[in-house]
Amino acid sequence: MIGNLPILSLITFLPLVGAIAVAVLPSRWTRPTALGFALAAWVVSLLLLIGYLPGRPGFEYVETFDWIPVFGIQYKLGVDGLSAALVVLTTTLSWIAILSSFRPIQTRIKEYMISFLILEVGMIGVFLALDLFLFYIFWEIVLVPMYLIIGIWGGANRIYATIKFVLYTLVGSLLMLVAILATAYAYSAAHGGSWVGAFDFLALREFAASSGFAPALQIGAFLAFFLAFAIKVPMFPFHTWLPDAHTEAPTAGSVILAAIMLKLGAYGFFRFAVPLFPDAAHTFAPAIIVLSLIAIIYGAIVALVQPDLKRLVAFSSVSHMGFVTLGLFVFTQQGLQGAILQMINHGLITGALFLLVGVIYERTHDRTLAKMGGLSARMPVYAAVFGFFAFASGGLPGLSGFVGEFLTLVGTFEANPAAAAIATFVMILAAGYLLFMFQRMFFGELSDFFASVGTRLTDLQPIEILTLTPLAALVVVFGVQPGLILRLVDGTVRDTLQSAAEGAPIAVPPAVAVGAVGLIIAGIVARIIWVLLPGHAEDTSGAAPAAIEGGAAH
Amino acid sequence: MSNSLDAYLVLSGILFAIGSFGFLARRNAISMLMSIELMINAVNLAIVAFGAFIPELGAQASVIALMVIAVAAAEATVGLAIVIAIYRNKKTPLVDEYDAMRQ
Amino acid sequence: MARTLVSLLFGLAVMGAVLGIAVVMLVFLGQDWKDALFWVLAAVMIGAGLLVVTMRDIIRCGLAMIVCFGALAGIYVLIGAPLIGATQVIVYIGAISVLILFAIMLTQTKDAPARLVFQTQAGPAAILSVVLAVLIALAISATDWGAATHRVRIATSALSSVLFSDFVLPFEVVSVLLLAAVIGGVFLAKREPGGPS
Amino acid sequence: MSVWASLIPALVGLPLAGFLITAAIGRRLDKSAHWIPVLAILTVWFIGSLLALDVLTGTAPLLQGSADTHGYAVHLFTWIPADRFVVEVGFVIDPLTACLLIVVTTIGLLVHVYSIGYMSHDPGYWRFFAYLNLFMFSMLLLVLSDSWLVVFVAWELVGLSSYLLIGFWYRKRSAALAAKKAFIVNRVGDVGFALGIMAIWLNTGALDGIHTLNIRESIEKLLAQGDANPIPLFATALLVFAGAMGKSAQFPLHVWLPDAMEGPTPVSALIHAATMVNAGVYLVARANPLFAAAPSSLVIVAGIGIFTAILAASIAMTQTDIKRVLAYSTLSQLGYMFAALGVGAFTAAIFHLMTHGFFKGLLFLGSGSVIHAVHDEQDMRKMGGLARKIPTTYATMLIGSLAIAGIPPLAGFFSKDEILGESFKLGFIWVWAIGFVVAGMTAFYMFRLMGLTFWGDFRGPKHIWDRIQESPSVMTVPLILLAIPSVLMGMALGLPFGSGPIKSWLEPVFHEAEVALGHAPAGFELFGIDGALILASVAVAAVGVAIAWRLFGAELLGIQLPARPERVREVSARLSFLYRASLNKWWFDELNHLLFMVIGGRIAYGLWWFDRNVVDGTVNGVGRATVGAGRGLRHVQTGRVQNYALGIAVGLIVMAGSYLILAGR
Amino acid sequence: MSFQDLVTIAPLVAAILTAAAILVVDLVWPGRSAPALAAAFIGLAVTAALVLTVGSTDATAFGGAYTVDHLTTFLDVLFVSVIVLTILFAPDYLLPRSLPVAEFAIVLVFALTGAMLIAASTDLLLLFLGLELMVLPGYMLAGYHKTDAYSTEGAIKYFLLGSFSSAIFLFGLAFVWGLTGTTRVDAVAAALATIVAGQAPLSAGLAMGLAFMTTGVAFKMAAVPFHYWTPDAYQGSPTPITGYLSVGPKVGAFALVLRLFVEALGPLAHWWLPVVIILAALTMTLGNLVALTQDNVKRMLAYSSIAHTGYILVGLAAYAGGRVEGLDGLLFYGAAYAFMNLGAFAVIAALQKRAGVTSSLETFAGLGRREPLLAVLMTLFLLSLTGIPPTAGFFAKAYVIFAAVQAGGPLTWLAVIAVLNAAAAAFYYLRVVVYMFMRDPADDAPAMQHGALLWGGLAAATTLTILFGLFPTTILGLVSAASDAISTIAR
């Protein structure tokens, strides 16, 4: 059916065509055009999924075009199970996000939709690119529209948040660029200076598997990749941009941020960091597991005390994404599969949660939990849907969140029961913050604040239900039939695991490791002492430090 | 002594240093301009000295020296024109008072 | 009036010192007259150069510069490049110095001489200049220049042949440079009808 | 697969359908919203009973791979196909499940019917029935599943339904908090259970075949294959037990159950007395091969069980809220069951589970009827003398009380006695001793309840007294129907002593474990040790009842004993510490508040502070330092040419100097 | 001087004649801009055509003093483009301030002549003269708004420091000349090669010359700590001229570096490499750090241009570190930087069409609403300057970093410093975007009408900025051919 059509390019660039169309067409067509193109991309991506035979290792639908032949840089796209799943996730959430923006976004709709469509191009591109250089380009393309979406249509503190988001991400990704280039050069140097395949993921992976990159390069490049991806995921302690960005972003921005953008980092770990540098991956796996565990527990604990609804969900994202990195770096079949499931489920569930937060925010223009209460009576459907997704997020079995989490834990348990035990404790904490949130919002008598909002407090509108229904349906379907995804990504998992299995830890002198840890601890202690000195504490959470935003006020 | 290249070169160096001192220390734009002329002439002295003591450079040296003189003249022309232009704006030839733009 | 006298006396003292050096070298040390002349010219040049950068009255600085360049021209002659010496006299003393003096007149304000001559950073500048001179001198003395021990006299005809063969393009370029400088200079110095007077 | 087996999915499917339909359209059905759920449960009860009886009587075929177990099995689909980690969804009815099935479907049906009356005026009528059906679905899934992980799913789903039902009256802050507490405390246990499941998987390489678990063989097989990394069985068993502790509210996870009484009374009856809280018992019984393989873990089970029993009984003695008394009583009885499991008397535990399910369901529904009658008053101090106004409720509750107190020949007597007797005979004298004391306490607090509620004079407002009337028949009929098994069940299942039907039913399930534990099937000696034990426990129950009568009065068969509040005060003053401890539930709520709310909150806020100031502070600090550096460097640009020139000269000299130094080297 | 020589320097002659033609036209139609512009464009078109024609074959003229090779052609085309764009952007700014266009064009074309001369010179003296011919018009242009105090202040600072550095440069040149005994670049290289081969340590005089020349060149390219003139001169100059100054003399200075350091002083590469590394690191870092705190966009871009010098120097360092890709990167970066920076300044100039509009950040507030197209273009240029793909700036940055990574060793760290700087730089570039799109305008200034020339120039700059990023292959071929012309390192 799809024959010789360059279907991957079609998916990738349909939104771009859409963006151009939106720019050209008159304003009153903006919304339908944007939605139409997003839906078109979605439909095509579904065709891709139908045509894709699940479970096979390797890449299909590969499209290649010599882009910068001097350095062997290609325009090369291809799908395997993981990218297929994530592409469909992206296209799905994109149209949902666009649809959900119809009502809340009333200013500069054209620019908004253009940004969103370009954002979609970048995200799809990241998932499809099989050339490291191309990957990097898509990776960076994602930044700009998100920057604008948060910065223009965001909340009060949006500029601080968006600049922080971009700068933080940029630091990581630029170092990754250095690593990509160094890797390519190492490949070329090992092939007598020939640049053919130097940026080609498949060639690099094969090289990594057969002879492998030099330990020093592996360490350096892996660290750079790690930083880029860890910031994006985000892993503790690189997560602090996330609550700010989420809190300030418009609803749809938060949705995409949580559902897709965070997956970019996890995908990067899967696709590039581990297969290309297996030895380094093994070397750092213990540290990454520790960081993941910290993220899981710490994110959940901090979520417990968040006064702002969105911030709470944001910290829960930190906790949930910890599972993804945990599952990946234990290098077991179940861990990997769980991590992938967790990626997709987190996309669906947290996306939906942000949509739901947006529902109440749009009506009340406030997200302070302390002001809420008793919504159940006024908005029963909303309460039911919110409860559904809250419990899904909390890992209620039968819904999709559970399977990913549990598989990850099983995989971890295989490798390291103690780590699994620590991670499992998040079940309690997750129940804690989700139920706290749910109770605060929906139970009790209608709060004074809500009462003052009055008639604006209407129950879910059809358009909102329309955006939430597919997500809910998928949450149930994947909860009951996770095999749909598991079989799809089976090949990817095998590939990744095989690459990982070939790695062995690089010997790091104990002195170096101890020194590094000591340095970090010393840094933390120094920072704490510094903050404890009078006048250095940041009392207001997330308020823009004048130095960052104010620039040069002299 | 007058037969030593080093002597001329050192002399040129000293003149160059004097010129740079003037440039660094004087306030008046025209004084600074004159200091630059000193420096350029110091260079010229070095060039001519090279020409005088290194046979294969002889002919070139004179030509280069001539060119340098011409360049210095051109620079002086432009420089003085700029000095006059800014004097019309600022009413002072003292360079350290031209600090409207800083940091 | 007393000021003029003091400077006059100072000038005479310098001249006396210079002549004294010459006499001492010629008579007592028995050196070549060329050496003596070199010393004299060098002393005059450096002395005048120092005056250029230290004197308070900028017009006198200009005059000192003429003296300095005159001495330099003498050195050129001494070193065997009379053509350059001549050019030096014509271009510098005849043109540039006059130009500078005109500029001084044009930009002279009454209170200017009364105010500080030097920047606040004159001290560091002096130190830096001395360091620079020492560095250059050290470098020069430490270098083997591959130079002849005797001066080579260049015939003017050789010079002209070089100028119009190997160096014809630079020659043309210099003319363009001068043209550009003139056009620009005229534009900049030209008084605008609406501009500040 | 037989026709019968193909009906099994309907047991799960009907309540689920009932839930979904009612949730979707219930609001529009309004007061007739109960029809679909009730009919669904009625069908389930019918099918379930048929199947259960089939299994128990041995008419069902032998289960595959089993020599002596009759039952039905059905496989539905593969849920998680993750390489070696495969989770199948399938249902099995073996005798153990059948026992549970009877309890769950019967009480479930009766509670459904009862709720038609009890909830009739509630605006959330349809919601209530939807939730009830959701619970039935989850509970049936729990008992029917053949896979550990599906049991865990059901485990969580009953938790969810429990949460929804406890918080049913969500406008009440206390209800909302209680619901949250129940869920979170349960989650603590679930962490253990989840880890236990992982350990089981790692030890056996599979998660299905829950009813044919043969842990030692599986481990040996895996070891032989060389791909096992077994987790110590002791740890595995305890992790599974942790799950059971949460759901069955065993110390120290017992704190949620009394609070759960914030839910409507039918919920308390169904979930928090008769079915869900028994899931822990079921789980441990189900995992009996695992526990039998690690006998030391059973000691811990017994210890925690019997400690919970006495702890809860001691609290029940002083509580004034009628439902809370029953809740602590439930805790106490669950403690018995765990004690039974711990000593290896699995059958006795299940027996008690069944009888307790009926009479505790009866007691709760009865208390609901009481509360209904006194217009939603739950404080027993404002009741009294109700026997005259609501005789049916009174009569049935009296039966229930006698049953739980262990007065022969009611159901409780048989099952409780079996527990105590087995503990004694299996050498767990300490379990028996404590259980013995608890038996007395049980009798005491139950008759304290009866006395305060039904006998003596009404202590509430007059206008309420005037309007008290018996509940409608839709409520009383279930009470009566529950009273019947409360009376007869013990005799039916427990006689003859030591070899009643319950023994033979469950024999195939527990046989191997009992053999592994070295329990020789001892004969029953009515005129020996067993008889003595029976006599002792009946006596202690009688003493308990007598003391209660003495203190709180009685009105039985026309004989009236007056209540003596002054004696109560006196006794409580004399036992001041114990009294206060009991009244304040041994301060567990306060302890938890301190540990989790105060200290935990400090930690959470501390971490948040850390996040803002140290983690984010470092990020912002880097940014600020960068900008600060820029601001400092700005001043290099002074605007004065000579400063610039000086800078250039310095640069030149530094460069030239370093060149000279390097070149001269 | 043979006829062949004349043919070879035909582009140069054409450029000079263009200046003359404009002069004549201005005499005929005094004060009118259209004829002058026409003359300029025709002349520049002819020049460009001649550059391409002559550049089709390698040639030398004047006894090896003047060379036409791929490097010459590449740079010449670049210079002509820069001048054309500058002239396109200028009228909209100059005319409202009643500044004559003709003189502007003349002086600019003289500067072009100087730059082209640098690109083609293989003679030390010619290089010096070319440099002077390039920068002298620069001084004048900086002070072109001669009734404006800022413009003249910038000009005098630029001039004084420029002359100072020229003198220093000349001194160094004299030393090198005296030691090698020749002015021809290839001969210098050969002589130095023997000197270096003979005595391992650098002779003191050569070291001195190297230091002095480095200072002079570093000044022209605005490398830290010789950059001081840049912010003041850029800020003071009329905006289109700032655009030119930030591009023309800088790329010209790098052309000088290529001819002088890469070609003539190539044998000393391992001596000047550490200096280049240090200069690059300092330049990037200081430029970016100070730019972070600027409120005036022109001044900010001035510091940004300093930072970009640092990035370009990374390419040079990579070459000195043994990778010819470094030169490719340098050239590519120069070209990419030229177009994106000119574009950015063109937008500022367009905003300042109404006299009295400052270039402070506030001017940009709400631009996205007021003049969306300009705002979008500005965003593109700023993103390119930041190095966000798929723009020219990204590929340029990636290329120099790639070269540094290939060279390895300390240069890897230089690459890391470069990317960290790039990340920090994003802050101030994006700040402008913040003002354009996320702030409300300070006043209700109406949208301005912009001339067709400006739009044309912006279109060209935009196209090139995108094309360089999306399809760099063609350009890559050109730059590698150009760098091969002078590189002594095999590819």
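The first chain written gets the first letter, and so on, giving A, B, C, D and E; residue counts start at 1 in each chain.
Throughout what follows, a residue touches a chain if its C-beta (ideal position, glycine included) is under 8 Å from a C-beta of that chain, and two chains touch if they have at least 3 such contacts.
For clarity, every value in this text was computed on a predicted model and none was experimentally measured.
J.: Counting hops between chains that touch, how far apart are subunit B and subunit C?
T.: Contact-graph shortest path, subunit B to subunit C, evaluates to 1.
J.: Both subunit A and subunit D are touched by which chains?
T.: Neighbours common to subunit A and subunit D are E.
J.: Among the chains here, which has the CA centroid at the largest distance from subunit E's centroid?
T.: Looking at centroid distances, D is the chain farthest away.
J.: Would you mind checking which chain's C-alpha centre is most distant from the centre of subunit A?
T.: The chain farthest from subunit A, judged by C-alpha centres, is C.
J.: By the contact definition above, name the pair with the higher C-beta contact count: B-D or C-D.
T.: Ranking B-D and C-D by C-beta contacts puts B-D first.
J.: Mean of the CA atoms for each chain, then the mean for all of them together: which chain is nearest?
T.: A
J.: If you average the CA atoms of subunit A and of subunit B, how many Å lie between those two points?
T.: Result: the chain centres lie 63 Å from each other.
J.: Can you compute the centre-to-centre distance for subunit A and subunit E, using the mean CA position of each chain? Integer Å is fine.
T.: Distance between chain centres: 41 Å.
J.: Starting from the mean Cα coordinates of subunit C and subunit E, work out the distance between those two points in Å.
T.: Distance between chain centres: 34 Å.
J.: I'd like the Å distance between the centres of subunit A and subunit C, where a centre is the mean of that chain's Cα atoms.
T.: The computed centroid separation for subunit A versus subunit C comes out at 71 Å.
J.: Hunt down the residues of subunit E that sit against at least two other chains at once, touch-wise.
T.: 125, 129, 132, 136, 139-140, 143, 146-147, 156-157, 160, 164, 168, 178, 181, 203-204, 206-208, 231-232, 292-293, 424, 427
J.: Can you tell me which residues of subunit C touch two or more of the remaining chains?
T.: In subunit C, 119, 121, 124-125, 128, 132, 135-136, 138-140, 142, 145-146, 166-167, 170, 174, 177, 180-181, 184-185, 187-188, 195-196 touch at least two other chains.
J.: At least two partner chains per residue is the criterion; list those residues in subunit D.
T.: 623, 627, 631, 634, 637, 639-643, 645-646, 649-650, 652, 656, 660, 664
J.: Which two-chain combinations touch?
T.: Result of the pairwise touch check is A-D, A-E, B-C, B-D, B-E, C-D, C-E, D-E.
J.: What residues on subunit C touch subunit E, complex-wise?
T.: Answer in residue numbers: 135-136, 138-140, 142-146, 165-170, 173-174, 176-177, 179-181, 183-185, 187-188, 192, 194-196.
J.: In their complex, what parts of subunit D are in touch with subunit A?
T.: 23, 78-85, 149, 152-153, 155-157, 160, 163, 167, 170-173, 175-177, 179-180, 183-184, 187-188, 190-191, 194-195, 198-199, 201-202, 229, 231, 601, 603-605, 607-608, 610-621, 623-624, 627-628, 631, 634
J.: Contact residues on subunit E for subunit C in the complex?
T.: Going through subunit E, the ones touching subunit C are 1, 9, 16, 19, 23, 61-63, 65-66, 98, 103, 106-107, 110, 113, 117, 123, 125-126, 129-130, 132-133, 136-137, 139-140, 143, 146-147, 178-179, 181, 203-208.
J.: Quick one: in the complex, what on subunit C touches subunit D?
T.: Residue list for subunit C touching subunit D: 119, 121, 124-125, 128, 131-132, 135, 138-139, 142.
J.: Name, in rising order, each residue of subunit C that touches subunit B in their complex.
T.: Against subunit B, subunit C makes touches at 31-32, 34-35, 37-39, 42, 45-46, 49-50, 52-53, 58, 61-62, 65, 68-69, 72, 75-76, 78-81, 83-84, 87-88, 91-92, 95-96, 99-100, 102-104, 106-109, 112, 115-119, 121-122, 124-126, 128-130, 132-133, 136-137, 140-141, 145-152, 154, 158-159, 161-163, 166-167, 170-171, 174, 177-178, 180-182, 184-189, 191, 195-197.
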